[in-house]
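As structure tokens, the structure follows; a few thoughts come after it.
We call the chains A, B, C and D, going by the order they appear; numbering starts again at 1 in every chain.
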Amino acid sequence: MDVLLAFTRPSLDWHALAPELTLLAFGTLITIVDIIWDDRSKQTMPTLAGIGLLATLVPILTLAVDGTERSMFGGAYVVDDFSLVLKALFLISGYIVVLMSVDYIREGDYYENEYYTLMLTSLLGMVMMSSSRDLVSVFVALELLSIPAYMLAAWRKGGPRSNEAGLKYYLMGVFASAVMLYGMSLVYGLAGSTTFDVIAQELGSGSSNPVAVLGILFVLIGFAFKVSAVPFHTWAPDTYEGAPTPVTAFLAVASKTAGMVALIQLVFVAFLVRDDVIQPFFWLISALTMTVGNLIALRQTNIVRLLAYSGIAQGGFMLVPFAVAADAPARAIEAVVIYLAIYAFMNLGAFTVVLAVARKTRSGEIDSYSGLFQYAPGLAVAMTVFLAALAGIPPAGGWFAKFGLFRALLDAGGGWAAALGVIVAINTVIAFAYYARVLMPMWFQPVTDGDERPIVVTGALGAALTVTLLATMAFGVLPGLVGHFGEVSVLSALGG
Amino acid sequence: MEATGFDSWVLSLTVFLPLVGAVVIMMIPKAYEAEVKLVALGSSLLALIIGLYITIQFNYGAAGDLQFVVDKGWIDVINSRYIVGLDGLSLPLLMLSLVTVPLCLIYSWNHVPEPGNTKAFFILLLILSTGMNGTFVAQDMILFFVFFEIVLLPMYFLIGVWGGEDRRYASLKFFLYTLFGSALMIISFLALFFLSKDSAGELLHTFDMRVLTDVAGVGIIKSTQVWIFAGLFMGFGIKVPMFPFHTWLPDAHTQAPTVGSVILAAVLLKLGTYGFVRIAIPFLPDAAISWAPWIGLLAVIGIIYGALGCLAQSDMKRLIAFSSVAHMGFVMLGIATLTDFGINAAIFGMVAHGMITGMLFFIAGSVKERYHTLEISRLGGLLKSAPRMGWILGFASMASLGLPGLAGFWGEFPAILSAYNPGAGMPEETFRTYMVIAAIGTVLAAGYLLWLYQRTAFGEPPEEFAGHEIADVNRFEWIAWTPFLVGIALFGVWPNLIFNVTDDVVAGITASVEAIAAGN
Amino acid sequence: MLENAFIIPLIPAISFVVILFFGKRFIGAGRVHVVGITALGLVWVLSAVAAFQWTQRVEDPPPGAIVQLEAHVDEHGDQRADEHGDDHANDHAALSQDHSKDGHGGGHSSPLIRPVISTFSQWWSNGGVEFAVGTLVDGQTVLLLIVVASISLLVHIYSSEYVKGDRRYVHYYAFLSLFTAAMLFFVMAQNIIQLIVGWELVGVCSFVLIGHWWEEKPNTDAALKAFLTNRVGDIGLIVGMIVLWGTFRTFDIDAINTLISADPAAHHFALLVAACCLMAAVASKSGQFPLHTWLPDAMAGPTPVSALIHAATMVVAGVYMIARLYPVFYEGFSIGSSSINLMAFIGGFTALIGAALAFAQWDIKKVLAYSTVSQLGYMVMALGVGAWTAAIFHLFTHAFFKACLFLGAGSVSHAAHHTFDMRKMGGLKKDMPHTYRTFVISALALAGIFPFAGFWSKDEILLGSLVGQENSYPLMLIFGCAVALMTAAYMTRVIWYTFHGEFRGEGHPHESPKVMTVPLWILAGMAVVAGAFNLPSPVLEPFGLEGLAHRIQTYAEPSVYLSGLGLSHPDPSLAMALVGSALAISGILVTYLYYWRGMGPHGMTQRNRYAKNGYTFLENKYYLDHLYNDVVVETVKRPIANWANRFNQNVLDGAVNAAGETARDTGRWIYKWIDQGAIDGSVHAAARGADSSGEGLRAIQSGKVQNYGQLLFGSAAVLAIVFVIVV
Amino acid sequence: MLLNQFLILGAFLFAVGVYGVLARRNGVMVLMSIELMLNAVNINLVVFGVQHGVVSGQVFALFVIAVAAAEVGVGLAIVLLLYRNRTSIDVEDFDLMRG
């Protein structure tokens, strides 16, 4: 018994924890400011949040420059290039979401301050997720990023749709985490430890044990829910439609990225030895996800809902590399990371345009985009770029993401990989079919209600638009930019 | 051999000058239409001038090897580089594309089709031209792919925004078809990237088209080669378009605005055939040998099929569109023989078809503008109401039906002739059958073109147009058309202008094919 | 001139450009003919010079003009020749020997003069196939040069009056010039590609000129029909030429001929295929059965055009091509050994049906057109039986008198209100003496009456088919004789209806002006004397002029190619000549009886029809006449001719049109069902499938959170089970 | 020790929880069923921890309990919200958004 009670305080690497601490500090700061000045602080909130996010980037940069890999709590919490790249990605997308939110929230008739608190908290969870190499820390990070997200989804307290969105997201989320936890318990039962390294060893040594299969499966399902993979996607469309649009963007990008990050770590660090389970599983899931997502998207008339389904399909694309995780691990991780980075910008961009247009038309219906090109050519062109990117048409960024997938698949080689490649090819075609359903009214149709007043793009939205647009085009023309990050994240992720 | 000094810039300039022009135009507010036009024309003309400089500086003695080569880092992570270069195969097509765009700009100088908006229209044309020029000079597969795809969106919008009644359907169809093809194409590119070995059996992991041409697919097992070729075939064959992937073409052509059709016919279709000659065959000669008979089959089917399709049409533009299917059939037949004779003919055919069919679409556009219909049954007496246009139509039709002494013949006849002796290791009887079928195709061609000409140009003008005046060829049309007309006649009289440029490259390509065939 | 023959086609080409582009503006629409005529005058002079130089070359060959084929083959960069170089040496040695042996016998006295071949800038090189444009000038060429130049010149002059004030005077002359240029280019083609080019170009010119008055649909229909029929033949042309190329790996006519004559036995099959294919081309261009139907329709064009293109020059292009590539056909159809072959039969049959059809026509130009068909058949038949010289000789003479006949017909219609319907003519003899005389002279020439030109050439053809080469061609002889008879007959009929009896048209017919009659007289003159160019030596012996015998054979025949084939020439036979002219005369006689003597009976016939019995017994001599006329002549004329005509109009012509229609219907069908239906349909089906499946999948999204939960846990369970079992 | 029995108990509890969340339409009952599932997991964790003789299982269980508390808090908040806006806590009623 004394063995159990012996406790030594683990050594804390403050530098490694600096990003999380900064974020936490700002989160608390916002709350305190809010409590003290309540209404008078309204204006400063978004600014504060923004500064917080940017400030958090500073320690990340210093860590990146320092470059040494730091591991804490017996390898439960690791800070390496991989985690840094993704932390940065989380923070940047978070910042863009803040930019998108400013006017939306200010014009909404709800008390706005905790909005930012919640968002920062959720981001904190994500930032932690990218460093977690242990079942417990993964679980905690997951819940830390999910619970605020449930509340954000239900943000418009008076709006029944928003409530419903929150409820669905919450319930499905909890179901999923229950399943995941059950899986974790089984995995733990086999490995006798919660850290991934040990788990990897134990799974490797142990013969194919059905319990292991069950455990792995349930854990993966838990995150498959997070990345809204078919058949665990059902919450996504409803939640996306019901939640406030900035939140939708946040869920569609940041929270999905978080799920992917968790999957990368679980699959490539912990479960890689059981490729006989993960590869077929992801082959199936990814094929299902992209196909179903695309097919349903064909029938959507609401732009947000369409983007939701497109997001599901995109998630399917991101899952493709996992199907060759063991055959071409490096390429696979690279592909996923690159895809995540590009996807963050192009999808956020699309949502920004949706926000900007909605400010005028007050409608989410695709028809309301008729003749956009006539009275808002700038927005029309921007939207075109983002949709082209999502469809993967050069020179907009998306093509390189898709290219990454194909690259991973063909590097692995083999009939199954090639088959999946063809499925991807077909899906890109289907995908463009519904992106075109947005482009057509924009370009080819006259304005439905003769209202041709130009759209006022507020400063914040403008900034968000510029950032996303530039990034999307840059990634398309000089993919090396994003490719580099993909590369660095590979080495450490496999090494760690 | 890397180019140095100014020569190392020329190709990039021809490719990107139009893009720069487009960006500049974006800056110019809509109101300043004159400036917009001038900038557009200026940038495209500048590109053309540099193109002329290239044709002068080009070392025809060494037309076989790449010149003006630039090789700079681009996407290091995937080991893809910015490599552009130009050889006898690229030169004619690059020039064709460089010439076509300014002509289109001039043609639509004062009448941008409904719903107007000159600025956007010209921007799209310029982006389009960047994509086309780039495709012809790119020497890195990824670069090629990017340029190959860049042309899609502008053309999609040209058709969709400025097109005819059914434009949405047509544009989407065009886009989805091509997108599907290119998605499969990129898979094949990657397969080549990962599987190509050099002579020592080392994996190359390169997108450099020069290298891949040299290794000529050795070390990739035959069955895999055949599959990779299948992907390339889809990518390029849809673009050509080959039967049975042609159905997007008539719709796209019919609905597209005049200059859209012209560019589509003159340049875009050539991207596919160019791809076959530049990539598919030299990279995978072995697979090419086993594919060639089938390609030839589809080609001759296309010839007859397109001709019959023409005979069925009641719309002038749609008829011309179908004739493209037939003519590209001749081109593909020439390629399918895998003989330098045939491939040379094919390249000549590309240029000739570009000018001739482009010309026909120009005329169709002007007719539409004057009569507000292209219903052949409603037209007539063009020779009477607009004699010059009538004569030009006659000239173009004659060229199109392969009249000797005009450009069309030199693409058609040698292609048929080459089918008599296909390349090494290919079924002679089969190709001789193709030859005869293709020869029959020439008759049908004469049939539908003369039928078209009789219905539209001959006879008395229909009374429904008796009232209003039909203007003859106007100044802008003259400027836009003369280069094509001159070219058709010039290349018809002196085919060697193109043949001896392309010959060396093609000889190189077929040499590798023969080497492989000898190996089998 | 022989070396620089390319100048000759260049001149009219330039005049074409000048007239078309500067005619209206600088010269004046009414005066463009000046340009054309001067150009043609120049052409004529140069051709004459060329002809003279060629005769000189034959008379005293310059060193090197006597064959050394292997050397000259080599300089044409022909791989195959290099391999066979030495065999060439041998058999040309052999050649020259046997030629010196039987050089003086059998009227075969021409030395083996090699043609003057000059090649210019390399036209294109493709995959190692170097390809030069150039000219090949020999006797055959210069003969055609003379023919084309003379006829074209006269037609230019004639037209300046005939089409004066026409809607498109400028275009008319422009394309007349272009045609001349193309024809000359074709004639002096040095390689088969040039042959194809010229062939197609003359075709286009004929298309344009037939459709000259394109406001009227029938004209354009005729033009289309002509062009399309020719394209059909061109399949044969292209394929045949390709086969030749594939066999000999060269486009060079001279090389091909030499190779064949060097080793006749080789590649018999390839040659047979090539010959059959080319035969189709000939059939279309030279109006041979069954592709002749376009020619009568082509008469829709202006009459001078018919005279130039559809009588004298373009339509003989086919004949010329056979003659040019004679070794191909000679070996392909093994003319030497057989006693019947495709070419001879087609020729003979065409000659027959053409002549028969000529009876049934009321349009004077159509009569002449069918007569042209028939005469072309004659030439082809002559080539088919191996009588090369006879064919070319007939081509030569026929050009003149047929052109004269057409121009005469033009002059007549000029007088008679631009109608060609013989029923609206008659009695023009007194009004148009010049036209009448020239017309009769040419008609006699055509009928082959001694001593007119036609007699000599036709006689040689009959002789050729009588003797043949190793075997004789009896069937062809029968055809030939029958045609000789019928030709005489229908020409007499034409003369009767046009110039005799009373004038049945309206208005006052008048003689055409000098500018039209002078060309007529020139041509008539040629129709008389042209025969003198190839008189057999027996005729000349009395005058001690044997030296002038067989000039065409001596100068024109490319014995350098033919002697290798062992082509022989029959000795002239008086018997044959007598039979020939007897047939012609009897033909005239019969018709004469029918029309001149038989006039009363015709009236009688009608009265018979009304009051049958009344005068029968009294007027039984009429009854006899009636019997004689209506039974004998009618049985000859009506049934056969009309049957032929019906067959022609309904079956053959129908077939042509039907082919066109079928093509369009097939097109429509395929477009409707295959293209839009099957192919495009499947695409749409895929799209619809995607849409509807999307619709179906939406059912998952019930909106009820517990259904979502069920799906989640359910699929989790399913996956679990599956994987636990499988893995 | 009685490992399997404990595991079976855990599995049984989990199954009951699943049944509850799917079958009960009352929002509060659903939340309680969720608690069942989570506690099933806790049982597993503790048991495995003991079996391996390490403390991490129990630590994990503690984390789960804490997080579960927070989750249910949020859940109740949302249910309350819905009750205020829709005067119903029947999860079947909430299907404004579908398809």
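Some observations on this one:
As a convention for this text, a contact is a pair of C-beta atoms (placed from the backbone, for glycine too) under 8 Å apart; a residue touches a chain by one contact, two chains touch by 3 or more.
Everything numeric here is computed off the predicted structure, so don't read it as measured data.
Innermost chain of the displayed assembly, by C-alpha centre distance to the whole-protein C-alpha centre, is B. Judged by contacting C-beta pairs, the busier of the interfaces A-C and A-D is A-D. The distance from the centre of chain A to the centre of chain C, with each centre set as the mean of the Cα atoms, comes to 80 Å.
Chain A and chain D have centres, each the mean of its CA atoms, that are 26 Å apart. In whole angstrom, the spacing between the mean C-alpha positions of chain C and chain D is 99. For the pair chain A and chain B, the distance between C-alpha centroids works out to 42 Å. Each of residues 698, 701, 703, 705, 709, 713 in chain C touches at least two other chains. Along chain B, no residue makes contact with two or more other chains.
Contacts with at least two other chains are made by residues 21, 91, 94-99 of chain D.
Contact between chains, as defined at the top, is found for A-B, A-C, A-D, B-C, C-D. The touching residues of chain A, when paired with chain C in their complex, are 167-168, 171-172, 175-176, 179, 208, 210, 213-214, 217-218, 221, 225, 231-232, 234-235, 237-238, 276-277, 280-281, 292, 294-299, 430, 433. Residues 173, 244, 247, 305, 307-313, 339-341, 344-345, 381, 383-384, 398, 403-405, 409-410, 413-414, 416-417, 420-421, 435-436, 439-440, 442-444, 446-447, 450-451, 454, 457-460, 494-496, 499-500, 503, 506-507, 510 of chain B are the ones that touch chain C when the two sit in their complex. The residues of chain C lying in touch with chain B in their complex are 122-129, 196-197, 200-201, 204, 211, 214-215, 217, 220-221, 224, 227-228, 231-232, 234-235, 238-239, 242-243, 245-246, 660, 663-664, 666-672, 674-675, 679-680, 683.
The touching residues of chain A, counted against chain D in their complex, run 4, 135-136, 139-140, 143, 147, 150-151, 154, 157-161, 163-168, 170-171, 174-175, 177-178, 181-182, 184-186, 188-189, 192-194, 237-238, 241-242, 299.
Across the interface of their complex, chain D is touched by residues 698, 701-706, 709-710, 713 of chain C.
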